[in-house]
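Common to both upcoming complexes is chain A, partnered first by chain B, then by chain C.
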Partner chain A sequence: MYVEKPQHNENDTLLCVRNLKTHIRSDAGEIRVVDGVDLQMKRGETVGIVGESGCGKSMTGLSILRLVPGPHGRIVSGEILFNGQDLASLDEKEMVRLRGNEIAMVFQDPMTSLDPLFAVGDQIGESMRFHQKLSRKEARNRAIELLKLVGVPSPELRIKDRPDQLSGGLRQRVMLASALSCKPSLVIADEPTTALDVTIQAQILELIKQLREETGTSFILISHDLGVIAENCQHVSVMYAGKIVESADVRELFDNPLHPYTTGLMESIPRIGVRKDRLEAIPGIVPNPLDLGEGCAFSPRCSCSEEHCEQKAPPLVEVCPGHEVRCWKYCNHL
Partner chain B sequence: MKEFIIKRLVVCLALLVFTSGITFFLLELAPGDPALMMLGQDATQEGLTALRREMGLDQPLLSRYATFLGDLFQGDMGVSYQTHRPVSQEIAATFPATLELSVASMVIAIIIGVPVGITCAIRQYSLTDRVVRFAVLIAVSLPVFWLGLMIIYLFSIVLGWFPSFGRGGLRHLVLPAVTMSCYSLAIIVRMTRSSMLEVLRCDYITATRAKGIHEFYVIYKHALRNALVPVITIIGLQFGVLLGGAVITETIFAWPGLGRLMVQAIFARDYPIIRGGVLMISACSILITLFVDIICSYINPSLKPVEKS
Partner chain C sequence: MHNMLKELRRDKLAVIALVLLGVIFLMAIVGPYLAPFDPITQNLHERRLGPSLVHWLGTDEFGRDILSRLILGSRNTLFIGFLSVAIGLSIGCVLGVIAGYYGGFADSCIMRAMDLMLAYPYFLLALLIVATLGPGMTNSTIAIGIASVPTYSRVVRSSVMALKGSLLVKAEEALGATDWRIIILHVAPNVFAPVIVVATLGVASAVLGGAALGFLGLGAQPPTPEWGVMLSGGRSYLIDAPHIALAPGIALALLVVSCNLFGDTLRDILDPKLK
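Here is the complex of A and B:
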């Protein structure tokens, strides 16, 4: 009954997003929430997307699943190649078959992303009942197994609870159990720990790391916190105003951050052992996505901004193999 | 749950006593003399005094209320001034007709209103949505008597499809039920639409879609159940409004119900009938509210009364 998914070889590309553009129409005009994003990841890899709130991280994740909020949001252009298949041109029926089954998503706020009226066991079992046609009883047993896997104590009792009877940490474990239920090859985790206490946050990140190792699932980990990304990802893309501004392997990015926005983000990470009177926040605010000018979107807040930065947006250039940056400072050889 | 229902029933009883008090004293404030109404303008002073004594109208207000309440608890709502038959009999003879009409109207309003509201929410800003919202605006502002007359004119006089007055089979029920359902239908459409819209914006709906659940189940299993509590609450309230508001429709369509009985009683200053009718309608409204609360607590278990273990 359980359909084996096609096996792919270890090193091939799982997901390749090219020039993804998602717009949301509003009264004041068309907002370019995702503005030409490129992402590439291999099977089994964990990729981080980092950036301040409002820069389009969630919309990127939702676009990959084709769940941009309607009726005003839509994917304008771009390719989303998943296992070589372009999701952007897939019909909705096939997309439904893929969601939760091949690509699952964990949302930011476990308080609001579980249906308050259904027992968590039913919610975990739901996608298995749809995708794998499990009976109610089989789904229940699998839900108990999954809750055990994500470290929920006495799962036989917990499956009958409604979300409001669980703590935030437990709910996020339930979300992870639900996401992993159909053994997807990719899980998009959108700020999975942002709404949680610090200690719970560490536990959930540890759990994600452990699940990744045990199941070999690839993760896209979205966060506004570079610290979270540093410990959990192999590759990082830094996002600003709907664009990827820097992209590199984790070590390379931390050893050699190039974009002024990336260095700004790094200076705002609190570090044990480094005394600072105050954390350096990046001056200024995230620009209004409606009146982005012709130039680099970061230039109004950038300490190295020059005249031409405000007139023309820089392209994404590969500075050294696997390290790309979108800044005029590194375009001098062009 | 049982304990909760019993507690609530006691509260309902208290509410009824309160309502009876309000009805009783308000009627006393109203102008008009029942004895005079019964005997007519050419009554003699002696006749009036005698009749007042016979009806107990010469007693002080509070003692009359006490008597009324005492009788009420024994199931005695008094005797109609007009027909001299017990009020309970008069109500028993007319209430089924009102109930039939209200239930029919409510069924129409729910069967059409809920799906239309859902459709509008799913297709917010579409042409359907805009047309329906405009229709709702018109429906809530149409006076029932005017709507009733127009419906009679069109379907009974011009087209001749349905009878325009009296109670009989299903054919007699159609026009008054449609007239009466119009307002509630609009209210239900509006409430369903806004409640669904609110739920559809929630994270857990996106999360459910992200699990690959078929859109039909996303809407009718998850979204609808979450949106239903305010809709059922408004349906309960509307049911009470229908029972009380049957007065106009019943009069227009000569429907032999409680509403029409009460209108006649008001013109005749037939206090016992008015009191009995008001009490009957209040009792129904209060019971409906209780019933709604019980249904809602099944839909949303967090609304269930906390059980002491």
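Here is the complex of A and C:
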């Protein structure tokens, strides 16, 4: 049912982001929302980006699609190599051809990301009619197939429904269907389950996992929820104040978290079976992005912060193969 | 559409308004066949006659049948009302969409220009434009149309801005839709509801504006039958022969009230929050 696009080599790199910097101009000055992010993912892999609100994870996703909200936001520097092609240097026309066709994005709130005036079938079909020049009827048939793929019951009837006739979970399935409609090789899912209740969350996550296996589509999963990431991703990057502070395979990261921020995040999750009166919270709040200073952005909240942490920002170092961390604690052996 | 009719029927006032509007429209369309007398030929022997079986609404200061003039005048009055709204709406929509969707410099330029226009009272602005263009029905239509541009552009802009910031547009962009595609396919239908409500209410004020310009002698020129002009002609005889001014006045009031009522109902129907 689902035909893959010409398959490249199994193990080749699908996306490689190097030193991506996205800034937003504000009255108070330039905000470095994404500050030198590196990201690499193989075809068919799912990569997670975790972090608190405002750490720049959504902006990273939007930057990859070159959808940073203008006129104040812009990509300042960096490379976004997708299938070996640098997206940062493409013109807008080529980007339009690529969006939805090669890279698609699913947003947080399925309540507002569908047009209330259109039947969902038409909305799923829209990008296929646009990118692949399908006829109305072909698009309709494909929409039914896609709805079946994302597990919507009786899709023949559902395609005529308007979004307000669907539940939140169904709407997010519709969003996934329209994201997958042109068989993109990468789907960026920005908090795809945050607006849904817990049981539906689990269903959608299970669906994403299943879609990845069935279609070979790669996913970038952006979330603030470590649990979501743990379930679904092979590789995780933890973001803080626009920078990646730790990046590792999912098992390695959960077994052996190194950065004080990552350990802090883990300790703030309740665990079944462990009796604890209070959860550990990370003291303080996300720093004001306008005055980050010279040092490590996490140092004001860090329990092991030392004097030099506040003076100089640490580099990202590879502690063991595939496990990188940005903290002075692990720079000793250098 | 079916639902709309059903909801319309529930609202008694709206039905009355709709029927009245229908009658006025019908009058405008088949007026020449309906009017019992020629609306322009004067008959000075029958000046200022009260209502009678021959002249149902009496005759005016030049002996012309008021009913005939009212029927044929409806065409001119509606012409001014609807055409000026069409002018204002089309310019206002284009400006509003550009300002709201693209924002930034374009937005500032357009909206400051609109603010400048809004600084003048609506009618004063229309008066100013008609003074520049010269009196006449077409010119007064254009003048009222232009004077109403800021109203429409502001409504369109704010709706477009709200949409532009929504995930809907972001999601469409992420699916590879171009700006124009988004504007035509998704923004336009979504701003249609608030705009059409403002436009229906706008017809009422445009009709009044046109009549007012006609009253001042800047709109339709005598002997053209137009309700504002008729009102102005009857002004001198308000005490001796009040029916001359009363008939077009009541007609005008009914038209304006119907437009407003219909606009209100339309707003209730089109507002998804009230469903």
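Here is the rule we use: the second predicted complex is superposed on the first by the 328 of 334 C-alpha atoms of A that agree within 3 Å, B and C clash if a C-alpha of one lies under 4 Å from a C-alpha of the other, contacts with A are read in each partner's own complex, and residues count from 1 in each chain.
Rule of thumb we're sticking to: a residue touches a chain if its C-beta (ideal position, glycine included) is under 8 Å from a C-beta of that chain, and two chains touch if they have at least 3 such contacts.
Only a predicted model underlies this, so the values are computations on that prediction, with no experimental measurement involved.
Asks: Label the relationship between chain B and chain C on chain A in the superposed model as either fit or clash.
Replies: Verdict on chain A: clash between chain B and chain C.
Asks: Would you sort A:47 into first (chain B), second (chain C), both or neither based on which partner it touches?
Replies: neither
Asks: On the A-aligned overlay, A:112 touches which partner chain: chain B = first, chain C = second, or both, or neither?
Replies: both
Asks: Return first, second, both or neither, reflecting whether A:162 touches chain B, chain C, both chains, or no partner chain.
Replies: After superposition on chain A, A:162 lies in contact with chain B alone.
Asks: Name the contact category of A:265: first (chain B only), second (chain C only), both, or neither.
Replies: neither
Asks: Per the contact definition in the header, classify A:146: touching chain B only (first), chain C only (second), both, or neither.
Replies: After superposition on chain A, A:146 lies in contact with neither partner.
Asks: Check the residue A:71 against both partner chains and state whether it touches chain B (first), chain C (second), both, or neither.
Replies: both
Asks: Does the superposition put A:15 against chain B (first), chain C (second), both, or neither?
Replies: neither
Asks: What residues on chain A does chain C touch that chain B touches too?
Replies: Shared contact residues on chain A (touching chain B in one complex, chain C in the other): 65, 67, 71, 96-101, 104-105, 107-109, 112-118, 126-127, 130-131, 164, 175, 178, 182.
Asks: Could you please specify the touching residues of chain B with respect to chain A in the complex?
Replies: Its residues touching chain A are 124-125, 201-204, 206-215, 222, 225-226, 299-302.
Asks: Name, in rising order, each residue of chain A that touches chain B in their complex.
Replies: Against chain B, the touching part of chain A is residues 62, 65, 67, 69, 71, 96-101, 104-105, 107-109, 112-118, 126-127, 130-131, 162, 164, 175, 178, 182.
Asks: Spell out the part of chain A that touches chain C in their complex, as residue ranges.
Replies: Residue list for chain A touching chain C: 65, 67, 70-71, 96-101, 104-105, 107-109, 112-118, 126-127, 130-131, 164, 175, 178-179, 182, 188.
Asks: Would you mind writing out the residues of chain C in touch with chain A in their complex?
Replies: 103-104, 166-168, 170-171, 173-178, 181, 185-186, 189-190, 272
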